[in-house]
Amino acid sequence: MISIKDLTKVFQTKDQEVRAVDELNLSIDKGEIFGVIGYSGAGKSTFIRLLNRLEEPTSGEIELNNENLTGLKKNELRLARQEIGMIFQHFNLLWSRTVFDNIAFPLEIAGVSRKKREERVNELIELVGLSGRGGSYPSQLSGGQKQRVGIARALANNPKVLLCDEATSALDPETTDSILDLLVGINEKLGLTIVLITHEMHVIRKICHRVAVMEQGKVVESGDVLDVFLHPKEKVTKRFVDQVMGDPDREDSLNLIQENYRSGEVIQLHFVGENTNQALISDLSRKFEVDVNILHGKITQTQKGAYGTMLVQLVGDEEVVNQSIEYIRTTSVEVEVSPNA
Amino acid sequence: MISIKDLTKVFQTKDQEVRAVDELNLSIDKGEIFGVIGYSGAGKSTFIRLLNRLEEPTSGEIELNNENLTGLKKNELRLARQEIGMIFQHFNLLWSRTVFDNIAFPLEIAGVSRKKREERVNELIELVGLSGRGGSYPSQLSGGQKQRVGIARALANNPKVLLCDEATSALDPETTDSILDLLVGINEKLGLTIVLITHEMHVIRKICHRVAVMEQGKVVESGDVLDVFLHPKEKVTKRFVDQVMGDPDREDSLNLIQENYRSGEVIQLHFVGENTNQALISDLSRKFEVDVNILHGKITQTQKGAYGTMLVQLVGDEEVVNQSIEYIRTTSVEVEVSPNA
Amino acid sequence: ACGSSDEEGSSEDGEDQSEITVGASSTPHAEILQEAQPLLEEEGITLNVEEYQDYVLPNRDLEEGEIDANYFQHIPYLEDQQEQNGYDFANLGGVHIEPMGIYSKDFESLDDVQEGTTVLMSNSTADHGRILSLMEEEGLITLDEDVEKVEATVDDIAENPKNLEFDAGIDAALLPENYEREDNVLVAINTNYAIEADLNPSEDALILEGSDSPYVNVIAANSEDEDNEALNTLVEVLRSEEIQSFIEEEYEGAVVPVDE
Amino acid sequence: MLEELFPNVKMEDMIEATNETLYMTTVSVAGTFILGLLLGLLLYLSGPGGLWDNKLLNWITATVVNVFRAIPFIILILLLFPFTDFLMGTIRGPGAALPALIIGGAPFYARLVEIALKEVDKGVIEAAKSMGAKYRTIIFKVLLPESMPALVSGITVTAIALISYTAVAGVIGAGGLGDFAYFYGFQRRDFDVVAVCTILIVIIVFIFQFIGDYVSRRLDKR
Amino acid sequence: MLEELFPNVKMEDMIEATNETLYMTTVSVAGTFILGLLLGLLLYLSGPGGLWDNKLLNWITATVVNVFRAIPFIILILLLFPFTDFLMGTIRGPGAALPALIIGGAPFYARLVEIALKEVDKGVIEAAKSMGAKYRTIIFKVLLPESMPALVSGITVTAIALISYTAVAGVIGAGGLGDFAYFYGFQRRDFDVVAVCTILIVIIVFIFQFIGDYVSRRLDKR
């Protein structure tokens, strides 16, 4: 649906040239929820703004629905944009309009009748949890409330593509979850394609199908969410995934573990979509004379079974411990010895 | 250090009265890192803005260092504010100043000499990872870069108290971590008191000593971070902690588990600062004829030992399963049967 | 610089040379004065001309002694100003008249003037009595007996058989424009403006003031200078043959010299 | 008592002059608002970084605006005679002052409009663009509403400038308080009349300013 | 060729008039800038929600500003005679026009300053407050720099209004291009002189506008 070729955007500042997006190649399928992650300043916002040509590319091409977006005339671009919703990092609400009127704005642009507009807006206000605040002005809202208005506005006109720039960064987890559920719902029901920038990895995990990792304007890695998370190839991705896999505490735990658990062997187990080996610890304990101390880790159920990582300590004779490690290697659970090295 | 009594702030909008902060009582100690969490619109930003009187309270009192802040004259307030740094949710950078000059601003206000200013600012630019961007204007920065300028600016004048309104919400996890480390460092070295609003629970867990949960303008619960997290009293706190304890996936997992694991008994184990019972699963498997399938959960090492929650499935004879549950009850690990009910 | 009898500044042949400064409107007054400069020089008088663009400052400066005399106003205006501002001036003698004319593009003669025709006058009140008495002479209106002609205003009209309407709010310099553009109006235009607008007063005017008009432009000076020799010489020179013929030729009837 | 203080002031003259001033001001403010808004939008839209970014159009608009601002008002009145005659059928009276007032005021207001529009947050313009808004929509639903407080304050400033222009319009017999004051003050030295006229003008100015401030404040929801 | 087109135009007159206009404009712009900035700041700071929020002070400032804006410029010149005489030692010539120009222009610029200051983001003012900035610091380091593009555009507009005011100042013999045009165009009907004067004024206006636009754009880092 969206295919991007050699996309480059260079900003000229007084003392230097910033290559915000640098020969980027990517393709995003129809109906996909595509996540983009990367450190601050990696070029994510610039990239997403290039997708609806709020930023004119320095070079490169973007195809949307087999149409060359970069070649569109003004009027064509305008019509194309009506099908692309956008949630801005800084909200960009009109201070002169109430919550209601802000959400109604894209509908006015698309020429929806007053009655239908009213219905749709009220529905959206409900959806983003702002009932009763329709008459408030943006200046009377909290940060998160503003962001929700921005989300409702982007969804108002039932776009085919939704570009989200840190759409949930100002939201508490409950509100985030409800918004994400909303997005998934629309994605499934109407086949909405979503490009989503975030630094909250659980957002990626929860709703994205694929993810791209950006660094210094380039996509350094991309693929299925599970693949990228479990088998990060690039060094930067590893660091990123390690840090954000909903488990930012691992480092701390490792330090504490190194201090406190000097006996035995500390190993790391990777459960990669397990259905059969979930009782591995029971199994081990019974087969070998080892105590398995669970030190740290996280396991989650997914459609493909349990996945996650666990740091455990095997306490027992050195030989027995080695045998049990050998045994684990015969199962589909991956094992890593001395993970803190 | 900060003691707050019956603090109330009422906003008047056209069609209603918003009690953003409602008879709030709280005290924050010197050198403490105090977290404030709560849903969007709970009144967190309003509360923190009352602390340096950017918002005049409708009623109530604030004492800072045994000085009645609410009673201060203009000039006294001004001097008091020079000791209070603030990081804004919307950054509030001066577009007319470069990164360098924005960070230098509080130093100019405090009358620091040009040479010292230069040193300090360059140090801060380095600290927040913006080396080489000192000459850029805010409009040339990414969202996260702007936020980092805001952080550097708040720290520039070595404040005694730091108020952070979602200081890391626009930052990726790596940058967040480095900023948090920075804050902890200053807190430990210089005894900086920090009041920190966030919706990222790992931020609370990582650096806060105490935390307050706000709802509808009131503090509904507060206390030591671990206490509040492990033994949430209020219903809202439970929901909050459950959802955000770095484990927002529990709900999803439970659904999947209910679908897929119809045999056996699914129980939930709470490890509350365990040192002795970490091998509980090994133990069980050896003592009883049950397989322990780990379905979902999270365990983290803390200073007080491992804590966390785990959903496991006990597969075996009904009687044996019951016996093993009885056995677990004799340990310090807490158990909950049919957690999904 | 009121130094008509100053000893200083003698010329080379030993005769007494004195210097006077006269404030004047630029046309025709300043031009006439410039024409007189060489003649005065022969009489041992250096004449400086200070041009003014308004009608208030020349009197003010005269009183304050910045100039020795002025030459821009007619007698009724001078009298009005003296009364209004308490100036103590003397009229040293008249030089010329700029006859007021009443013009119309649409009416061939006064008989054609229709009922209810509008008469346009300048917003300079000093002109009003002049225009009204001119109209009275032609029998268009009659003025209140008790009012002095030169001070008459529209309110003093006793009879107005043709029900003429009066509009007296327009800048004098703009009246030729009204003459050009408006239909069925009578416009009272000062001759200098009429000439600037390429009108020929003697041909185009329905009514034109004669040389018996009281609106003579005079040389005015402070009363104490009434007998100042240099200033009196100036008046004499301005009334000389040479200057009079200059006026007649140069202004083709728009400016009429007087000598009484 | 009042008569003693202001012996030369005639009530009906004052009322008439006030009416003339009010008439000229309100009508010319309305005209200036529309024409100035148009020119100001044109300046902004065709300017660097504007929606239409068009050097030539910008140059033409800027020239028109600058030329009409450059011509002294009194000369403008003169130059506009043919146009005024054609439009109003007369070149005398308050009505005839209107074209000159509007054409003198509009370029001036246009610049204030341009300044106001430049202050509109670029972000919301981008937001509207991203929704595929037509230029017309961006103009009427984003640019104008978001700059409305400044536009209202601007027309207030312009209105008050127009009030003082009406004094100059006295040369064509437009009347009004300013002309009255000038006439009596300068020619007749009846300073009581000048004082009363000036007080009346000040009152009118205050009323305009008050309304402008009030509306501008009510519109500002920031 | 040029002489045929403009038979009545004398080069040295034009140069002198241009010099007079430039002199009056530049000096009065400088004066207006300072005085207007002061008044505008006072208006903004004492206004509702301003730093000093003071009804009385605001009322006084607003009154002064409105009164001086209300008085038609030509009357202002007249009223200022004693003051001008005291200050400049003369009431004639370009120098004597300056007090009236500045006192006429400043209240006007004050309003533009007020409008510009109102557009400054409340957030950055709060940020400065939260750092314990003195009012002076907030004014000089936040309010003025953050509104600088609009302030510069505003003084450009005012400068050009002052150029056309200089024409009126002709009544006190201030000279300048506008007066020259008025005198020759209005009273003598030498339209070639009017044309040349107007062209020269337009050129001056363009130069002012160009400088203003350039500076304003360079200052705007948004």
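Residue numbering begins at 1 within each chain, and the chains themselves are lettered A, B, C, D and E in the order written.
Here, contacts are C-beta pairs under 8 Å (C-beta built on N, C-alpha and C of every residue); 3 or more make two chains touch, one makes a residue touch a chain.
In UniProt terms the chains read A, B = Methionine import ATP-binding protein MetN; D, E = Methionine import system permease protein MetP.
Since this is a predicted model, take the numbers as computed values, not measurements.
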### Query
Which chains are shared contacts of subunit B and subunit C?
E
### Task
Just tell me the minimum hop count from subunit A to subunit C, counting one hop per pair of touching chains.
2
#### Entry: Selected pair, greater C-beta contact count between C-E and C-D
C-D
### Task
Could you grab the centroid distance between subunit A and subunit D? Build each centroid from C-alpha atoms only and quote it in angstrom.
54
### Query
Using CA atom averages as chain centres, what separation in Å is found between subunit A and subunit B?
21
### Query
Tell me, which residues of subunit C touch at least two other chains?
174
### Task
Spell out, as numbers or ranges, the residues of subunit D touching 2 or more other chains.
78, 186, 222
### Multi-partner residues of subunit A (at least 2 other chains)
90
### Query
Which chains touch which?
A-B, A-D, B-E, C-D, C-E, D-E
#### Entry: Parts of subunit E lying in touch with subunit D, wherever the complex brings them together
48, 62-63, 66-67, 69-75, 78, 108, 111-112, 114-116, 118-119, 122, 149-150, 153-154, 156-157, 160-161, 163-164, 167-168, 178, 181-182, 185-186, 194, 198, 201-202, 204-206, 209, 217, 220, 222
### Partner subunit E, residues of subunit B touching it in the complex
52, 54, 77-84, 86, 88, 90, 92-97, 105-106, 108-110, 137-139, 157
### Query
What residues of subunit D sit close enough to touch subunit C in their complex?
78, 81, 85, 90-93, 170-175, 179, 183, 186-189
### Task
Could you please specify the touching residues of subunit A with respect to subunit B in the complex?
11, 13-16, 18, 37-41, 44-46, 89-90, 132, 135-136, 140-145, 147-148, 165-166, 169-177, 199-202, 205-206, 239-240, 243-244, 246-249, 252-253, 256-257, 260, 278-279, 281-286, 290-303, 306, 310, 313, 315
### Query
Quick one: in the complex, what on subunit C touches subunit E?
27, 52-54, 57, 173-174, 193, 196-197
